[in-house]
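The structure is given below, and queries will be raised subsequently.
A, B, C and D are the chain letters, set down in written order, and residue numbers restart from 1 in every chain.
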Amino acid sequence: MTIRFDANEIKRDFPALQRMVNEDVPLVYLDTTATSQKPKKVLECLSYYYSNSNANVHRGIHTLAEEATAGYESARTKIGEFISAPSAKEIIYTRNTTEAINLVANSWGRANLRSGDRIVLTEMEHHSNLVPWQMLAASIGLEIDIIPVDDNGCLDLEVYEKHLDKNPKAVCVTHMSNVLGTLNPIKEMATQAHEHGAVIVVDAAQSVPHMPVDVQDLGVDFVAFSAHKMCGPTGVGVLWGRYELLDGMPPFLGGGDMIKRVYLRDFDTNELPYKFEAGTPAIGEAIAMGAAVDYLKGVGMENVWEHEQDIVSYAMERLEEIPGLTVYGPEAEKRGGVTAFTLDGVHPHDISQILDVDGIAVRAGHHCAMPLHERYSLVATARASFYLYNSYDDVDKLIKGLYKVKQVFG
Amino acid sequence: MEDMYREVILDHYKNPRFNGELDPADITYQDDNPLCGDMIRIDLRIDDNNRVIECAFSGQGCAISQASASMLMEDIQGKSLEEIKDYTREDILDMLGIELGPVRLKCAMLSLKVLKVGAYGVQEWIED
Amino acid sequence: MTIRFDANEIKRDFPALQRMVNEDVPLVYLDTTATSQKPKKVLECLSYYYSNSNANVHRGIHTLAEEATAGYESARTKIGEFISAPSAKEIIYTRNTTEAINLVANSWGRANLRSGDRIVLTEMEHHSNLVPWQMLAASIGLEIDIIPVDDNGCLDLEVYEKHLDKNPKAVCVTHMSNVLGTLNPIKEMATQAHEHGAVIVVDAAQSVPHMPVDVQDLGVDFVAFSAHKMCGPTGVGVLWGRYELLDGMPPFLGGGDMIKRVYLRDFDTNELPYKFEAGTPAIGEAIAMGAAVDYLKGVGMENVWEHEQDIVSYAMERLEEIPGLTVYGPEAEKRGGVTAFTLDGVHPHDISQILDVDGIAVRAGHHCAMPLHERYSLVATARASFYLYNSYDDVDKLIKGLYKVKQVFG
Amino acid sequence: MEDMYREVILDHYKNPRFNGELDPADITYQDDNPLCGDMIRIDLRIDDNNRVIECAFSGQGCAISQASASMLMEDIQGKSLEEIKDYTREDILDMLGIELGPVRLKCAMLSLKVLKVGAYGVQEWIED
């Protein structure tokens, strides 16, 4: 058994989880997959930064500029250690997962792919790991192969192998589905991709926040994730890439910081990681992302993961009791803390709205995964997702709320 | 939202009025809200004075989108296209009798959008 | 005369300006051109958001998601009004000025420019308004014409006219130089550009924070600025563009929110402004940018501008008294609150470091304007810049500090 | 920073030792820090035992970069290239006798970087 922690105690660290909605019902936040709540320590870090050390980074000599630069770079080091990156120079700050993937598609993609080259995507990708590749494909003429989702909500790895036989240049895949919760066998997929000479780009928006991720152990090439889904603020995310790959890539956006020298008609590119950070970065937010990493490390990512496993097992058990309710995706053991479901005769929007009356926050819609919904012939699902601050009690409230929904629409 | 969805909304959702299609129709238009998959189609038959003599809606989606379409059909009976021009967001919200956030507002307004764009073209529909 | 306000009173609104550096000297912050300090109200807004309404925007129905969406969109409206934009749909949130200009270069530029087309840049641009265009020029084969800076630190408008005679497709120019302080005659330049069929892209990073800016009155096509230079947080900035132009442009980054529909191999683009906002935006920071606009409006942009005019006139007078000191750029009447200078025999780095001992924060370096420094045969300058919270007293401290620098190196 | 720049730094800055160029030289290398425009060139003459018998630096920049170059020249007199390999950041900071933030550290280390890269190639220079 695991060293369990008390989610209700954790909950106290999160100011937003103390609030009431609709005047007097306590919030039950089950929408972490969209964005997580933020612990007090992270907010204090943000506020401390802006109230004390706020300055632009990298070019300043005065005290505030030095403090800001030191904070910004030490957060980078922390984040690198968090995912076991070999070097902090491989940690590129971006706005979010989406920008990180666009960076890879535009910089690595345009430099390394040619008309007629193939890339592999999957049917369960978030739009963030589809659209940038579609845009690139349309622009330079790539062929896209899709790994379908099987009836258990898992990737069909036999089809993957067939796609690999066509020698694609890149495999772009999510570590964990934000709808089905499916945890993909990235390590194996990476080995296979490399055997066929393909680079593997991993959307880790839903894994890095929820489980220990070691990019070296996974053996992947690029990993993208967002601070706002892992207890940090909005406005900052990370692209990690293998040094040799990043080093060989042309810059993405142009401007201050990413240059070594600028002439009127030409410029010299800066070193990693600055090459990919154009203009004033999200300094305060990056520093607060470092504080989020500290917070999560304090709890322990193994513990976070075990806790979510417990909660999602319990949630699936309880959800599947409800007549007319269907949960999509694999059994609890193969998924993270996400449950997308439908209820016969009730549109997911109505589910979400009626649950909201009781303070229960779930998402309804396509969750930025329209092709996946299409695969299930759905236009929308309701989605309850769990994090370290969710308790069994939260699940019970969800179940009670869903019975109420049934009653309203009965 | 105190009384969850008001009885009247649920009634229109469960027992939609003027549900179906007209063939032939003078005006047929449909649109959807890709965010949530709500879809509404409206068919109208118009007399020589530009009055609605028959109407029907079909589609799928949440209670708000379907109930508001049903209520709207009931309301435009015998109205002229000129009068339909004057329908506002407020009219729909009055029919529904509840307050709605920005996402649900789009659900509620879908049928009015389909009606107006169908009757006058996109110019007439100013959404915001 | 103007309705003067008391900078020392304003100063009290800014927590960072209360701090001590080197243990016991009060901070004299003269580095606003790099980034401004933040008033308490803005920090409270940020903190309130994260402690109460934190949720992802646009897709959620639950209470927090609705609050977050309403806050995010109402900030957009405020920012639009602040620059007199005809519609809030023309306000695109970006990370910063730099990303905003990259967006124009990549989206508008690639869609509208062809090999052999000409664009006009200036010798006083920040790297942010040079490098994106250089990258585009190298990629698609553009000719670049440069407006030189004359001996008064102003653009040579005769050369501008000659460049216009070659019918460029775009004129990319800063509203105010971040080194010389020069305020360029954008309205006239825009009229001329349009007479020759060119689009005008304005880097307003240094104007929007410091003076009333009315994009309709200026008659320009694109305007870029950053929240962090106008009392707001890092991580968010704005591109404003004329509706017809933005509407006709292809998307820039791909991902969630910027789509209407996604299929496995293709997608439909969303409407403005969402078309250009891919992935989870800097929600909290955008809302806080709205609070920054409220704060500045409360003081009044006319007042901010008049105050800075007073301070910079005084500063130039005092600086020019110092033997061996050279201030670059035009007379005070033609500039904003920026003074870049050198002191014979002392490197700007040493100036900055010695001033820091007395708590005086100035920048030293090329200020992301290497070509401009090259034009003056300099590698670096020291730069003191002023904002609404700087007083005459701050200037006096700077002057005293500079005499000390001279003494150390005497 | 209590005593501003220490006397010794200012002295080396104002009266640089071993300032100039050697022609011919066995090793000549130069580099700059574009962020602030500091530039350092170092010339070395080496004997058969790989010892520095003559050295000179030239360049321009801030007091820290120029003074550290001057101090470094003084220190490497008669040292072997092997010994020069062992110079660390700490050695430079000890010579200067002050603490430095990240930007100024680059100024201080420029001469060591030029020396090491000149003597051994880039591999030997691990900055951070």
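To be clear about the criterion, a contact is a pair of C-beta atoms (placed from the backbone, for glycine too) under 8 Å apart; a residue touches a chain by one contact, two chains touch by 3 or more.
A quick note: this is a predicted structure, and the numbers were derived from the prediction, not measured.
Ranking B-C and A-B by contacting C-beta pairs places A-B first. If you average the Cα atoms of chain B and of chain D, the two centres end up 79 Å apart.
Here the CA centre of chain B is 46 Å from the CA centre of chain C. Per-chain Cα centroids separate chain A from chain B by 38 Å. Note on chain placement: the centre of chain A and the centre of chain C lie 31 Å apart, centres being C-alpha means. Chain A has residues 22, 59-61, 65, 261, 349, 353, 356, 364-365, 370 in contact with two or more other chains. Residues of chain B found to touch two or more other chains are 34-35, 103-104.
Judged by the touch criterion defined above, the protein chains form a pattern that is neither an open path, a ring nor a star, and not fully connected either. Taken together, the chains touch in the following pairs: A-B, A-C, A-D, B-C, C-D. Chain contact summary for the complex, chain A toward chain D: residues 58-61, 65-66, 69-70, 73, 260-261, 268.
Listing the residues of chain D that touch chain C in their complex gives 1, 4-5, 10, 14, 34-38, 60-64, 103-104, 107. Those residues of chain B that touch chain C in the shared complex are 34-35, 101-104. By the touch criterion stated above, chain A contacts chain C in their complex at residues 15-16, 19, 21-22, 27, 29, 31, 34-35, 37-38, 43, 46-47, 50-56, 59-65, 95-99, 101-102, 105, 121, 123, 126-128, 130-132, 134-135, 137, 144, 146, 226, 228, 233-236, 251, 253-259, 261-267, 278-285, 349, 352-353, 355-356, 359-365, 367-368, 370-371, 374.
Here chain C touches chain D in the complex through residues 22, 347-350, 353-354, 356-357, 364-366, 370, 378-380, 408-409, going by the rule given at the top.
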